[in-house]
Amino acid sequence: MGYLEGIAISASINIVCICGLVILTGYIGLFSMGHASFMCIGAYAAAILTKYYSFPFIIALLIGGAIAALSSLIIGVPTLRGKMSADCFAIATLGFGEAVRIIMSNISHPYFGGARGMSGIPAYMNLGWALALAFVSIVLTLNYARSQHGKLALAIRDHQDASELIGINIFREKIKCLMYSAFFCGIGGGMMAHYYTYMVPNVFNATISNNLLTSVVLGGVSSVTGPAMGTAILTFLPEVLRFLSNWRLAIYGLVMVLIMRMRPEGLLAHKEIHQPIVQLVRFIRSRTVRSTDSGRG
Amino acid sequence: MDMFLQQLVTGISIGSVYALLAVGYALVFSVFNFSNFGFGPVMMLGTFSAFYAIPLLHLPLLPSILLAMVVAGLISFLMELTVYRPMRKKKTLKLYLMIAGLGINTFIPNAAIQIFGGGVHPFPSDWARATIQLNTIAVPRSDILAAVLSLVMLAALWLFLYKTRTGLGIRASSLDTDTAGLMGINVNFVAMIVFLLSGAAAGLAGCFYGMKYSVFPNMGAIASKGFVASTIGGLGSLAGAVISGLLLGFLETMIAAYGSSTYRDLIAYALLVIVLIFMPRGILGKGMQDKL
Amino acid sequence: MAQLELKNLSVHFGGVKAVQNVSLQIEKGEFRGLIGPNGAGKTTVFNAVTGAAQPTQGEIYFEGTKLNGMRPDKIAHMGIARTFQNIRIYPKMTAAENVAIGLESYPSYNAFSAMLRLPHVVRRDKEIKRLSLEYLDRVGILEYKDHEAGALPYGLQRKLEIARAMAGNPKLLFLDEPAAGMNTQEGLEMVTFLKELHSNNTDLTIVLIEHHLEVVMQLCQTINVLNLGSLLAYGTPKEVQCNPDVIKAYLGERRKTYGE
Amino acid sequence: MKKFLAIVLVVLMACSFAACGNNSDSGNGDSAKTDGDPIVIGFLGWSSGPDSLYGLVPQYLLTDYFKQVNMDGGWLGRQIDFRTYDVSGLGGDFSEAVNATNKLIQAGVDIIIGPSNSTQSTAVAEICNREGILHIPSGSSAIVTVDENGKTRPWTFRAGPENSDYLINIANYAYHELNNPKIAVLYETTQIDCVNMRDTFVNTLEDLGGTFVGEATYQIDDQEFRAQLRSLAEKNPDYIFMPAMGYKEIGYVANQLKELGYADKIKLLTISTADNKDLLALAGPALEGCVFNTTADMSSPRFTEITKQYYDNHGASGMALHVDGLVSFNEAKLVEYAINTAGSTDPEAMRKALEEAKEIDLITCPVRGYDEQHNLLGFQYNVVTVKNGQFVSLGEYAAPAK
């Protein structure tokens, strides 16, 4: 498998994960420092299904995502019921992330392998699957974001208390967003497992969660394609910076600071990457329609 | 019983490090409503300045701790000046400030590894390493110093905030930064003071951590515990930060002693989440009810 | 039976007795005024009814159902809508999207069909859009449908809030100082607008908090006067205007404001 | 329409990858090279982040070594193109290692060496064995060279000790030479190497009939061990065995044992990570009498030259030369042996050379080639103790054959 192919797959996996977080962070305004745990759950679930029960890849991924989404209820129901502030929610997710990592490391069941992890996962992941799943995730998330569900999430982010008085069920909307994000992270985790074919629980640590959060914010809130682009950039950046050898990560951090400093709204806040093109197409279409009209006249 | 007292001493000493860090977070949060995620590097650089000053300048322990506080304060202020202030001027969401902080948190430690090397070093003070035997409990001198100096620092901070005009300005800004600006309070000046103070707290905490454990470029990672403590304490509440910092230290050591060291973090976080469920704004958090 | 009934309602915040032992009844289709000096507890009454504040004592009944302790969104879906003293529109959304929030605060299609954008979702979204525009039209700001709400002038934002509240198809509408911060001309326009609103929706009960006495006098059939958390007077505008207690409360307040 | 545009987006993104990624690598994966071409050797090391000393020190050693080889005319008359890649990444997932490996393969690498931890070594081994690239890591877990079905990975050859061999040695040493002491174990539960080492150690000790009195655990990045030490101390062990992945933890444990007043009764028994001069600075007085079963005797004349060169060139780096660095240095010797024996950089020939090797002189010790599971035969272990604040070698130790 080629080098660029590998990075493109990594980027696609991250994009799938980000698609969920876009809704949680960019739309409803909750931020999580533990979403790697949902990747972990999805990864293990999908890997066990394909390795031991020979499930088809896509079905295993979906079930992995669904299990991740269900497990998000464990942390979501107690914390989102009261009006916990976004920062406190972040701490709760941080704790959940650590908890999942520790539990997974200590499960002695042979399927899980504890700290030794799981190896010999079928290598179903390839560039085609990765791009297709990333593409589908982006489309699904764009659809979700523009639907009434997405609008209600935005409303809650702007004015939580007022929105509740207007008639929005805050708890249900928040849980929905959390489950949505956990679902996509679970799928991303499953993709990861079937790409690397080997995984240990320590891979899904707090830094991964923070990287996910960073990509979403760097891409811009209330945007789906912005974060997707941000993720691609952040996946690619460490590789581009390889020529710096050991200074690479230092410069990576510096670039992050500089981007935030130059574009304090993120790359594409409140905008989508395809909007100008759509507008252009609409404009051209309206022109052509008018000209044919006039031609008929 | 011995075990309990020993763990209590340890809990208090690590708790006071958490508390100082939490106060640093809370100071910035109370005025600017965001958590400075670039706080770990501030602590690390402060500690390294003391680490190099002691052998190179032959500074005694206390002046070198003071130096660490000054250096950390200045670095924290430099961060505000170069990164946060320009971003705040553009009225960005606080999430963006936090991500910029995460960027700093990647940049400085990794640069430090290349400059200082990746090794782990002892804090160069033999005095601090010795222990005092109280009955059956061993108390390191550094722990006593940590407890005393943290108290002094917190008392000084309290006096400053509640007994001086500048302190009044800071408290006014913490209620409403925009209005405070309109009322003639120089918000930039307040920012300078707040970042200097929070940096100084980090420098102090870093020295204690260094004395108790070691000095290395990634030691700033411990600051995340300070973030947890300041959030649980009620964001922006200094008293809450101190309480929950000590509580976190206490919980960690006690769970390790009487619960399970494998599941220590898991149990500690579970307890904290339970606290949050019953006190969604943290232990001493301000009620942030939207005025409709 | 009255549509809305407050029985001995008290709301305390710590030591502050914001509302103290208030009882009142509002009939269906009425246009009721709720007036009083600053800090009289008018907004707190709204908050208690809509679920934003918990009553310390007393009961609230809407069409015979007890509202105490009910979740705010459920209360809203029983047919109680409100606007806010400090405007709470969604600044980054367009005017039409703002109304759509009030129109469909419980989504009528599930998240899966939303992700897949199934045909019925597309249909429903179109329907929402059409209805939103209708409500915008009813408050007369249709031309601003695609403007970012945060960029609209103050008066239009107030109207937008009313449109959003109306979009929930309420039986009872709470208006919290809809003319606040407007000049006389705009205030008059608002009065005319509210009059029309009430005459076009005869079944709709409107409760209005207003600081400007003139506005209330022109609009409301009956008025409750609150002072320092308690009910001071009740009656028609004429009666209330002549009530010496009311005059004293208002003058007292005015003296205080000028004195500072 | 929108969907079409999303496709365009993804395609654009893929193209931008291609545009940015291909700037430096003009080579291709073919091994059919002319004699004049340099030999490409890729090194994967954990060179940034918290544990950078485990990647940087080997990287310095190897870079200097290959520079010297080039000055001496290279191998087979060809120069060495030595490329180093950091695989630590931001969070320790192995995407970095996988990306770096892919990049090296695309650039036409002949041999990949490193990394030193088992998690990443395994991830790299998976790719190298798929692509048929010779891979010489120093990760110590069995899974690095043997896959989960028990099949030896044909292209991966270990450069350091294998956990079971190493830990059997330590357990035997403890049982026979330390006179069957009471031993407790303190280990980290989320790291594969730590867990493996603990398991092998405890199993071997129990097979030998040793006295295993209890165990406690800690978490990654822990700095507080007093609770665990107290509860272990109640079981009166003579030694606490600690298979730690970093010397920081060992230093903390030693200091805290001393603070608690147990240092005279309870000694640490640990592995090569402890054999690091920086540890003496961190916890020297507290380590008095502790025993480290390590993989080389750093004070032996064998390393005088290497040590001198390292400190002359990299003394300012703030990192002491450590044994694990020397073990990684073994990789260079294995590469040298493979290339010179095969007489070319043909992958299969090199692989054969290593597989059939009978005698290789590594940096740390001479070995007798490889067994069926690609573990080094005759890897030598050394025992070090601390006396008066200095490391003192107690000599080589080999476990008695069963």
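As written, the chains take the letters A, B, C and D, and residue 1 is the first residue of each chain.
Here is the rule we go by: contacts are C-beta pairs under 8 Å (C-beta built on N, C-alpha and C of every residue); 3 or more make two chains touch, one makes a residue touch a chain.
Nothing here was measured: the structure is a model prediction, and the numbers come from that model.
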{"item": "Contacts common to chain A and chain D (chain labels)", "value": "B"}
{"item": "Centre-most chain [mean C-alpha coordinates]", "value": "A"}
{"item": "Chain pair with the higher count of C-beta pairs in contact (B-D, A-B)", "value": "A-B"}
{"item": "Most remote chain, CA-based centroid, reference being chain B", "value": "C"}
{"item": "Distance from the mean Cα position of chain C to that of chain B, given in whole angstrom", "value": "46"}
{"item": "Chain A-chain B separation of Cα centroids, rounded to whole Å", "value": "31"}
{"item": "Euclidean distance of C-alpha centroids - chain C vs chain D, Å", "value": "70"}
{"item": "For chain B paired with chain D, centre-to-centre distance based on mean C-alpha positions, whole Å", "value": "36"}
{"item": "Where chain C touches two or more other chains, by residue", "value": "52, 84, 88"}
{"item": "Chain D residues counted as touching two or more neighbouring chains", "value": "48-49, 52, 56, 90, 189, 219"}
{"item": "For chain B, residues that touch 2 or more chains besides their own", "value": "106, 110, 113, 262, 265, 292"}
{"item": "For the chain A and chain D complex, residues of the former touching the latter", "value": "1-8, 10-11, 101-102, 105-106, 114-117, 119-120, 131, 134-135, 138-139, 142, 196-198, 200-208, 210-211, 225, 228-229, 232, 236, 238-240, 242-243, 245-246, 248-250, 252, 273-274, 277-278, 281"}
{"item": "Chain D residues within the chain A interface of the complex", "value": "1-3, 5-10, 13-14, 16-18, 20-22, 24-25, 47-49, 52, 56, 84-86, 88-96, 98-100, 102-103, 105-107, 119, 122-123, 126-127, 130, 141, 143, 147-149, 189-192, 194-196, 219-220"}
{"item": "Chain B residues touching chain A - in the complex, by the definition given at the top", "value": "35, 83, 86-87, 90, 92-93, 95-96, 98-100, 102-108, 110-111, 113-114, 224, 227-228, 231-232, 235, 262-263, 265-266, 268-270, 272-273, 276-277, 280-282, 285, 288-290, 292"}
{"item": "Contacting residues of chain A [partner chain B, same complex]", "value": "25, 31, 75, 78-79, 81-85, 87-88, 90-92, 94-96, 98-99, 102-103, 106, 159-162, 165, 206, 210, 213-214, 217-218, 221, 246-247, 249-257, 259-261, 264-266"}
{"item": "Touching residues (chain side chain D, partner chain B) in the complex", "value": "48-53, 56, 90, 189, 216-219, 221, 223-224, 226-228, 230-231, 246-248, 251-252, 255, 259-261, 278, 281-283, 317-320"}
